[in-house]
Structures are given as structure tokens and as C-alpha cells.
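Alright, structures below, take your time with them.
The two complexes that follow have chain A in common; it is paired with chain B in the first and with chain C in the second.
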Partner chain A sequence: MPDLTVESRQVGDVTVICPEGFINAHTVRQFEQSLSRALEDGNQKLLINGSGLAYIASAGLGVIMGLIEETRAKGGDIRLAELNDTVRNIFEVLGFNHLCKILSSEKEGVASYQADTPG
Partner chain B sequence: MPTKSSGTRALMELRFPSDSKYLHMVHELTRLLAETTGFDATEAENIALAVDEATTNVVQHAYQGEPGHEIEVHFDPEGDSLDIVILHDGKPLESVPVPDFDLDELVAEHKTGGLGLTIMRQMMDKVEHTKAGTGKNMCVMVRYKQRDRAES
Partner chain C sequence: MAADETPTSYRYQEALEALARRIEDPKSQKKLSEVLALLDFNSTLNRSHELTEILDLVLYVTMGETRASWAGVLLRDDGPLKPAARRGRADEQWNGLELPAPEGAPTIAGVGDEEVSEWARGVLTASGAALLVPLVKSELLVGLLLLGDRGESYGIDERLFAQTLCVSAAAAIDNGRVYEELQRLNQRLSLKVYQLDSLFDIARELNRSPDISRVREVLLTNAMGHVLTTRALMLHDGRIVEQRGCALTPEDRVRIEAGSQKLAELEDDVRVAELPAGEVSDILLRLGIDTVIPLRSGESCHGALLLGPRASGSSLAEEDRDFLRSLASQAAASLDNLRLTREFVEKQKIEKEMAIARRIQRALLPESEPGIPGWDIAGINIPCLTVGGDYFDYVDRGDDKHWLVIADVSGKGTGAALLMASVQAALHALAGLGEISLESLTERLNEIVYTSTEGNRYVTAFFATLNAPTGETTYLNAGHCPPLVLRRDGLVERLEEGGPVVGLLPEVSLTTGSTRLESGDLLVLYTDGLSETSSPAGEEFEEERIAEIMRESAGTPSREIMATLLSRVRVFAAEAGLADDLTLMVVQRD
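Showing the complex of A and B:
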């Protein structure tokens, strides 16, 4: 079983990124590449579905930190959904829940982008 | 490696190569040991993450990403705390004074480094970088079983 697989799919104009496994210094490159690829393809609305994520170490958090300003400057965002208690706890201890929107479900995550759209 | 009180050897000692592919193994072993010795699932995961970060620092910074070196992790769960000691022969990783963690500032300044040490300090009650009697560099981390940060 691989340590980490990352799938991406489109739900409207939101790119949902689904890491399955764990994100640490050994696996972070795949995670970073998935986010970067989506941004390079012009997709600025990213939603990380964390339902398959066992844990995330600082390497993964650093990727989110490194990309979020650039993404927001282009009118997009990086949001998270369906985090298990472990991952949510990591985010909360470091205050990432104030940096990034964390939603309960993928559906809510996608809807949160639609709610941003004026008109 | 003497333990905190008994003078006997640590309950579990692990030696592994300085390769990031072993970090998950160390993470999971730490988590299971913490759960086995009385910590709940969230506490155990937090402790595992702290050890993950500490060993990552050794792999990436102490040994500068070079494989072929050795890392030791010693666990002592007896008594009122879980003591974890990480030993290596690489570049010393001193506990530099770190200002209060400010995530917004780090993001604004495009700084992603230092998160690992912050995680270690948030998840553990004590973190100290020092030298072992053997001359090896060591990181000592302690998590009390009955946690009261005000007293630690």
C-alpha cells in the first residue's frame, strides 16, 4: 500500500484534492505537486478533502502556508473539508483553523465557494 | 540510556537509518506506545507528531538529508511521564529562541520553516536539545500523563 496517493477532480470550478494516506517529509512532494498542478492549470479554488488523511506533519502544513497567499491574490483560496479529529486537532493547535476555512463536508466546501460568488 | 528515576534502561529503543521513508514507522510506533501506556488517541497522535517532527529535523537538518547515518529513539513511559530521547551524530540542533508563534506573520513573510519545532513545543511539555554523556547530540521531550501546563 503506497504511503500517499493524491487524486484530483473537478466539481464545477472547484478542484477537489483528495490525499489518501499521510503527509510528512517523505510524501509531501506528491501533495505539493497536486496543489501546484491545479494552480498552474488555472484552477484557483482548491478544496482539500481530508477524509482519507491519517495525519499531516509540518511539511504538509508548510505547503499550504506557502501557496495560500498566492492563491488568494488570484481570487482563489485553499479550503479543507472532512478532516478527522486527529488532523483537525493539528490544525487547531497551530491556529490553521483561523488561516483556512475548514468545512464539515465536501459539499459544504464546494458550496462555500459558490457563496463567495457575487450575484 | 538511564531513565528518569529508576536508573534502568528505557523500555523501548529504536535504531534506524537517516532516511525519510522510516519517519512514518517511527510515528506509528510512538503513537501505539503512547496509547499502550495510558494516553488517549488524540494525545497519542500529538506525541507521535512531535516525535515525527523531531526525527524529521534530524534527517533533514542534522544529517542534511544524507542517508546512511543512524538515529536512535529511546522511550521511557514509566512513572508520571513519557520521556522520549532522540540521539544522533549529526549537526547539533540547538533550541534557538523562537518568538511566539504567529501564523499570520509567517504566511505574510513567506516563512514556512520553524513549524516543526513549534509543533514539538505545543505537543510536548518539555523540549530540550543537549549533549548525551556519550557525546551524541540529543533531543529530550517529555509529555506528562496528567497534563498541567501551568506547572511544567
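Showing the complex of A and C:
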């Protein structure tokens, strides 16, 4: 079984990215490609659904950090939802939860973007 | 809540409340209300661990029962008392309060009390409180509960209530602080575990992918993920090889790369603000880079990792810097390994190619003695590197005539070996054309070498035509060390006739010499690798020693004479070894 598979789907104007497995130094390139591809395709509203994510090493956070500023500058964002306790704990230990919006469910994540849109 | 989970105190509370409804005396009712509040307070305290929650509870309950206009708690670690929580009327003074701890344990004190210590009076004045209640746990002052004005002075009942409450509160506050400290430690421990996990993860990845761009990427994304920064640059071997989140102009790039050496040679990580002022640090500050971590592995400086500030705005803790240093040194070691591996592979490839070249060259030299009837001839070539520029040959010219050839291409190594191969090919081609004099042979070779090397290289050579039955020998010496003939009577003759070296001049004028080799004569041909070999003291082997050895070993087979010459020159060179290609030919009549 591969360390990581990443699938993505479109919910309205939000691109939901579902990594399954481990994001570590070995698989991080794959994770980065899936985010970059979505951004290149013009989708600026990304939601990472972490329900299948077992672990994220710092390299994975580095990828998000490297992309988030530019994405926000274009009016988009990278948000996360449905993180398991391990991943949530990592985010809290590092303080990542203060930099990135974390929602409890995918539905809330998608809704959080709609709340941003005026009207 | 299920019945079995109901705290025992609730039952008492219910009973007390029932009792309160039946008591009509207001004073007793108030007492009962206080007891109820204390009971409630204690049972709630037992369920809270968080310090802020405990403090809130202390403040609300006290204010509720005493009707103080405000209440606050000051806490101390080892030093002064400092504000920790406050409820009620806002007070700007409050946050700036810093009060000295008293000597010994203080007692409860109120404004207007008769016997108030100077310290307590100071606290009441500074805080504007009306009542001070010490929070003491195991005879140690944990903090103070301060109560504001309540319209009337604090009576014995309120004081008793506050004191009773403070006994439980002090213990709970102390526990709360221990709990908080534990949580902090836990948090730090989790961070350490995560850092170690990351280092392990990175090490595994760096070990499995022998690829420089991968090492750089892994290093950069990990560092960014840990520091949580949106900006980073990486310098490697003087170039910016990775960048994230930096608005870098081509000019910035050039300037940073020009100053990269200084960054790579830093001893330790450094804040950009602490770098000596200059163009590079100005650019880095403008790009929002604030930390430089050099990538060093022992003496080799590979480059540097440049990071922006944490997105949270807080500065890097010592633990973060430790992590970044470990990360950087791990990456530097990987880069070192990759460099060594590349060099090793390159070297192996060259060695393999050189071995092939050596095999080819060996095939150009005679495999065995020429087998001329009546003659004992031996020859050997020892290249100094894998391949060399020395050459010797025997060519059967028919009619019992034989060419004996020895030559030395200037320089050594591959270049010399290539030229040696063309000389060999040309010589054999010319030999195949039929009758040719030594002068014509040398002239043609001169032409070929001169045009193919444009006068950059030359060849010293000695050609002889031996008439086997008679021993008559015609020779041409083109700038080569003169071969020596040791006559039977002990005289040594040098074969010098000829002309200049082959290939240096466009045209040459040549002569030949002749001699006759009798039975008992000994001819030795050699290259300067023999005569010019140096001893560790810097002395050369020289022709005289060669002649001496020839005299000593005359009469023994050619192969033995050759072996003696070689072993003597090796002893002479000692640890310095042979520094040039060496070729020898020994010729005797049976």
C-alpha cells in the first residue's frame, strides 16, 4: 500500500482535497503537487479533508505555509477539516491552529467559504 | 446526570436548603447561606484543574457572599506578588501592580483595622482594596485575595467566610499551578517528540533518495513547517536553489548570490538583524528574511537556509533553533555524502576507462622477446600512471635485419599515451611500405608528429637496424638518452649520432651512426625514467650508475640484467617511488 494517496473533488467553488495515509518527507511532494495543481487550475478555495490523514510531518505543514500567503493574496485560502486527534494535537503543539482555519466537518468547511462571500 | 454520579455534597446541599427554608432567624439564615456557598465552592473546586477556572470561582463566590464591589487575586512564584485575576469594577492601576512579598505569613487585614502591619497597609493603599486575605498553603504564601469596598466595613462574619474560603482556595490554586506547569511540560514534550519524529522522517528520506534537489526540498519544507513561516530561501554552492514566498528580483538574486559565501561560512545560526550592515542584509530584511542557518558539515560549507519570521509573530525559541541546527547539519551531511558519491562514481568511471586504455597500450608493446637467433634480448615498459608515453619495439625487417626502437613522448598520462599510439601506428605503417632508411623513417615520423601536435609535444627516440648474423648496427638517435654499449674490455660507448627530437621542428637534418656488437658486448637502451629517477635526497640515478651496474652484471642473461637495473633504481628512489614512465631494453649476443 502506498504511504499516501490524494484525491480531490469539487464542492461548489471549493476544492476539497482528501489525503489518505501519511504526509511525511517521502510523500510530501505528492501532497504539494495536489495543492499546486488545484491552485494552478484557478481554484483558490481549498479545503483539506483530513479524515483519512493518519499523520502529517513538518514537511507537510511547510508546504501549506509556502502556498498560503499567495493563495490568500488572490482572495483564496487553505482550510482544514475533520482532523483526527493526532493531527489536531500536532497543529496545537506548533500553533498551526492560529494560522489556519480548522473546521470540524467538511460541510462546515465548505460553508465557511460561503460565509465569506458577500450576499 | 445519572443518580450514582451525583456528588455527595448535593445531598448535604439539599438537606441544608430544606433546613434554611424552616429557619426564620436572619442571622442563622445568612450563616447557612455561607455554609452552602462554601460547600458548593469546595465541591466545584474538586472538579476544576484549570487555574483560570479556579480563580474565577474564588472571585465569584467571594463577591456573591460579601457583596464586595470588586475582587482580585495576586499570585507569587518566588518573587513579588502580581495580578492574576480580577472581577468587578475596572481599575487601570491593577494590571501594573507588583507588590513585595511580606516577611513571614501575613494575617487578614482591612482598612480601618487597629493593628495593621506596615506591609499590609502598603498593599491596601497600592491596590485600593478594603480587605486583604492571605492565601496560604503549608505555611507558604501563595497569593492574596483582595476585596474592594462594599459600602460598609467587613465584619467578623465576612472575614471568617473569606478566610475559610481562602484555605480551600490556596490548596486548589497551588494544584492548579502544578497542573498548568505539567501541561506546559507536556506541550514541550509533545513538541520535542514531534521534532524527533521529523528528524527521523527526514533522515529516512535523505537516506533513500540520492538526489540533491530532493535534499534541498525536504530541508526547506521541513524548516518552514516547523517554524511556520511563509518565506524561505535556500543557498547551495553559491546559488539560490529554492525560494518560497519571496518577491525576489533578478537583481536581488545576483546580489545575494554574490554575498552567499559569507552566509555559508557563518559558524552558527544568526538573525539577519545581527549580521554586519551591508547590501545583502538590507535585501534580506526587505524580503522579510530574518534568520540565517548555515549548512555546514565539518569543514565543508554548502550554503545556507534563510527563513522568514514565524507567521504567529513570536520569536524562535531555543528549542526551535536546536531543531533547525539539527536539520541543517543533517542536510549538510547528506549533501556531503552526495558530493562524495558523485566524485567516487566519477573516479570509478575514469579508472575503468584507464584500465581499458592500459590494455590497449599493452597490446601496442611487444608481448615477448623478438626471438632473433643468436641474440638474447629483453625489454620492459613500466608506466608511471595507468598509461604512459614510453614506447619500445622490435620490427623484423627481413633478411636477418631487425629494428630496435625505444622512444619517449614528452609528458605522461593520457595525452602522451595517445601520441605514443600514433607513433607506433605510423612506424608500423612505414615499415610495411618496404625498404626505408632510418633517416627517411625519422623524417616521416617528424612530419607526422609535428603536424598532429602543432609542435606542442615531441618524442625522443632511438632507432637501430641490427644485422643479426654480423652484429653490424646502424642507428639514429633523435634526442634520446644515448644507449650504452659496454665492450668486453670494460669501455663504455654512447650511441649519440642522429639529430633533434621528433616532432618539435618542421624540418630536421639527420645523420646515422654505426657500431658492431660483438659477443660479450652489452647494449642497454633506456628512457629518462631510469637515468633521471631521484633519490629522496634529490640526487639523480644518472648514466654513470647504469654503466656501473652493467659492468657488475655483464655475462648474466639479459632478463637478469634488466631485473637488477630495475631493483637498483627502485631501491635508489626509496619511498619517493618512480616519478616517470620507465622503459628498458637489454641486448647481448649469445
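Operating definition for what follows: the second predicted complex is superposed on the first by the 119 of 119 C-alpha atoms of A that agree within 3 Å, B and C clash if a C-alpha of one lies under 4 Å from a C-alpha of the other, contacts with A are read in each partner's own complex, and residues count from 1 in each chain.
The rule we apply is simple: contacts are C-beta pairs under 8 Å (C-beta built on N, C-alpha and C of every residue); 3 or more make two chains touch, one makes a residue touch a chain.
Computed from a predicted structure; not experimentally measured.
Partners chain B and chain C, once the complexes are superposed on chain A, run into each other and clash. In the overlay built on the shared chain, the residue A:I90 is in contact with chain B and with chain C. Applying the stated contact rule after C-alpha superposition, one finds that A:L61 touches each of chain B and chain C.
Once the two complexes are overlaid on the shared chain, A:D3 sits against chain B while remaining clear of chain C.
When the shared chain is aligned, no partner comes close enough to touch A:A111: not chain B, not chain C. In the superposition on chain A, A:R29 makes contact with chain C only, while chain B stays out of contact range.
In the superposition on chain A, chain A positions 24-26, 57-59, 61-63, 65-66, 68-69, 89-90, 93-96, 98-99 are in contact with chain B in one complex as well as with chain C in the other.
Those residues of chain C that touch chain A in the shared complex are 187, 190-191, 194, 197-198, 201-202, 204-206, 208, 217-218, 220-226, 228-232, 244-245, 311-312, 314. Contact residues of chain A toward chain C in the complex are 24-26, 28-29, 32, 57-66, 68-70, 89-90, 93-96, 98-99. Across the interface of their complex, chain A is touched by residues 20-21, 23-24, 27, 41-42, 45-46, 48-49, 52-53, 56, 59-60, 101, 103-104, 106-108, 110, 112-113, 115-116, 118-119, 122-123 of chain B. Contact residues of chain A toward chain B in the complex are 3, 22, 24-26, 55, 57-59, 61-63, 65-66, 68-69, 85-86, 89-90, 93-96, 98-99.
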